[in-house]
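Both complexes shown next keep chain A, but they swap its partner, so chain B is in the first and chain C is in the second.
Our next item is the complex of A and B:
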């Protein structure tokens, strides 16, 4: 039942024309990526203003969520409107794990990631059967529902209700204590490492056979079923993987701020990640990250003028209208033009 | 729990009042979706703008004038929306256009705050509709009865327009089978200009009607938008009849849920969406599945 690349070639990732298809670990892009990843750890040494660094951290955390939903959108054509569900839930779970269950910080983080991913698998089992638009609405409803649950009166002892959940961590995570996690320079390596890992996972998954099956299913599901492929389980796996990647961002938020509030589950939180992903372009693993950086920078610059919402709105409208493939698509187009190679 | 209390006339009317407001909004949303394939995230903001305009026009002239002028103003805004946003972007993906409308909502919000301030404003119903009247043995606010009448009257008129006029038939055709309708010679651009204007006009109407019923505040658009999106999806995308039915069901579930399980009622709409979509992915109506 192995489909040859030729039959799937139309939808597969564009391999450089003329060069034989090389194994993933042999591609030069991976080496460049590793160098960039290593260089990233030295960023706090280059930036001396704490504000810029915390801004960068916000961008990285948002970027992780954006990469997660970008993966799902590009591979399956599913847009997760309710991203906030998988940002807020793990953040709460970190707090619940350390406060209610008395777990150490490392166990609480593992608990949050496993819990959130398991929840995603359960929900996904139902929602990935839906068509893309109902899917978007279902995930949105899910996020709203979690938000309402977190604010219910009966949940107050566990989630803190409207006031949110202030956490105090027990022990350390990868050698970082609560106060170290709250400081930008010591938190940076963790956030950066998480980002690199998330991008690597998304990139490898997209370039694997799994990604090919997903894209082919998106292009023509019926035909894939005719050809003997199962179309349900790969989608469920993609949804779960994407939710896991988004959960990483939720856990980082909880670790950094030691606080979770119903706002994390709000549509607006998901809106940030969604907008960042679309502005950056979902077609590549790096596009959402670029979008997140632009978005965070924009929020800070617009916030300074006092017209945050207005300027954000204008920027979103302009960016999406002007760059159909996102900022990353635009950068790639320029790159292809400069090197004289025909773009994908 | 006393069931006679649960199904009292007042509860029934409350459910209908909420439903009529939602119906007007959701049918506008469904119209725009049917023609342009766009989930208009700006609909809540247009509704809010309508409510604020209704407040101002109502103070300047009268509530009745607002009821006529504001929908017309919003319809004019709809012309701009169709020509400047929807038409140039019609080849783009759903998500792109949806986010652009979301961006427009972000723009409308601060503009409204700038003009009217952020404090909630209250609107008095006109003198003729103030107070309560005896309604099947229950004293019930007159304005809510008026709201129900106007809401469902508008929807009936819309349904009749869709069912019995040629343009209405074209609208239904494009909503269900855009390509076939275009092949059969329906000018979708001209049609969608009309229909988008109607959709935004309806948002304005709902805003004016909401003024005396709820209060006029900056958060009103965002709150109701999600309800409307849920209704449109439950009703079946592009199906206006389905949207009306879904709005009524939604209103009942909301109001009865508040009486029966006050603490869990906030979850009811989402559970409704989950159950309906899992049981019938195409929703109530005969809209297309997309």
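Our next item is the complex of A and C:
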């Protein structure tokens, strides 16, 4: 079988038919990616202000969420309006695991990821049966429901209600204490490693047969069913995987700030990730990250002027109008023109 | 092989198919289904393949009632179909979509299908960029993959010229005989149906008029009336 996913929008160009597998050093993009991933760990040494490093961390965490929803959008054509559900829920679960269940920090993180992913699988069993627009609204409703639940009086002992949940961790996570997790230079390696892992997972999934089945289903679901493919379970798996990837960002937020609030479950939180994904472009694994970095930088720069919402709105409209395939799509277009390769 | 019992499909008060009983019992035959517009031909095909749930009646394959079975189950069990409007995967090359379906259903003779439908020149082209006639052949080739025992082709010659229609039917006959596939073909081109099919069923206004050998069906008064109307 010679099927390659490239013509359905995956980032890798197809290998010529019959060509041998190339060694790592013969794949410049992959090599550059690995070098960039390794170099990223040394960023704190290059940044002279704590504020800039914090900004980068925010961009990375937002990028993780954007990569997660970008995967779902590109592979299945589904937009998760309620992405905040899988940012806020795992954040709360870290705190609940620590405070209510008495878990050590590592166990609390595992509890949060497993709990959030299991919740995604449960909810996904229903919502992935819907068409794209109802799906988007159902996920939004889900996030709003979770937000309301977190603010209920009866939930106050567990979630802190309107005040949110301040966390106190017992033990360490990958050798990092609560104090270390709260400091940008010591938190950065964890955030960067998580980002690299999330991008790797998204890339591998997109370039696998699983990704090909998802994209073919998006292209012509009826034909897929008439070709013997079950289209429900792969879609559910994609939603669950996407939610897991987004959940990593929620866990990082909890670890860094030791705090979870109903605001994390609000549409605005998810809106940042959605905007970042669209600005960067969802067709590649790196597009959402680029969008998140641009968006985070923009929020900081615009906030300083006092016209945050206005300038953000204008910038987003300009970006989407000028770069319909996102910033990464534009970068790839330039790259293809310079190298003479045929783009996607 | 295939048996349809008292099949009725109603859309509200409109009976698109009314109490149709039909049997195709032999393997390796080409069975044509004809009828004027609105006769219920495509509805029959949709009901047999599971695309549409019948209001009443049953669909049996080799004695097993498959009426409630989902589409993908039927395909994996050997019932395939092509579509009246070409249904391919936009964005995938011809090779990629054949490979994709072959990877799911298994097809050791994919090259034979490619050559039989003359798809080799367009293998590496995006399927939505090739000529319409070639897309029709891709659509049918996808239905051939996995060695189905029963193929249902919905107007496979739609939009093709006379020459292309004849070539297509010749391909079908060759593959049907060679692979022992039973193929049910809905077609508006009655000349091609009577020329190439082993058996023919005629429908009109959702009801089965007659089923039998091409010559019998062609000379049946009810079929003549359905197509030509009564004499003034």
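Here is the rule we go by: the second predicted complex is superposed on the first by the 315 of 344 C-alpha atoms of A that agree within 3 Å, B and C clash if a C-alpha of one lies under 4 Å from a C-alpha of the other, contacts with A are read in each partner's own complex, and residues count from 1 in each chain.
Please note the rule applied: contacts are C-beta pairs under 8 Å (C-beta built on N, C-alpha and C of every residue); 3 or more make two chains touch, one makes a residue touch a chain.
None of these values were measured; they are calculated from a predicted model.
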| item | value |
| --- | --- |
| Which of chain B and chain C A:212 touches, first, second, both or neither | second |
| Residue contacts on chain A - larger count, chain B or chain C | B |
| Which of chain B and chain C A:223 touches, first, second, both or neither | second |
| Residues on chain A engaged by chain B in the complex (per definition of touch) | 73, 79, 126, 129-134, 137-138, 140-142, 144-145, 148-149, 152-154, 267, 271, 274-275, 278, 307, 309-310, 312-317, 320-321, 324 |
| In the complex, chain A residues that touch chain C | 1-4, 7-9, 17, 209, 212-213, 215-216, 219-220, 222-223, 225-231 |
| Complex contact set, residues of chain B against chain A | 39, 88-89, 92, 94-96, 99-100, 102-111, 222, 226, 229-230, 233, 237, 263-264, 266-267, 269-271, 273-274, 277-278, 281, 289-290 |
| Residues of chain C defined as touching chain A within the complex | 49, 51, 70-72, 75-76, 80-81, 87-93, 95-97, 99-105, 124, 126, 142, 145-146 |
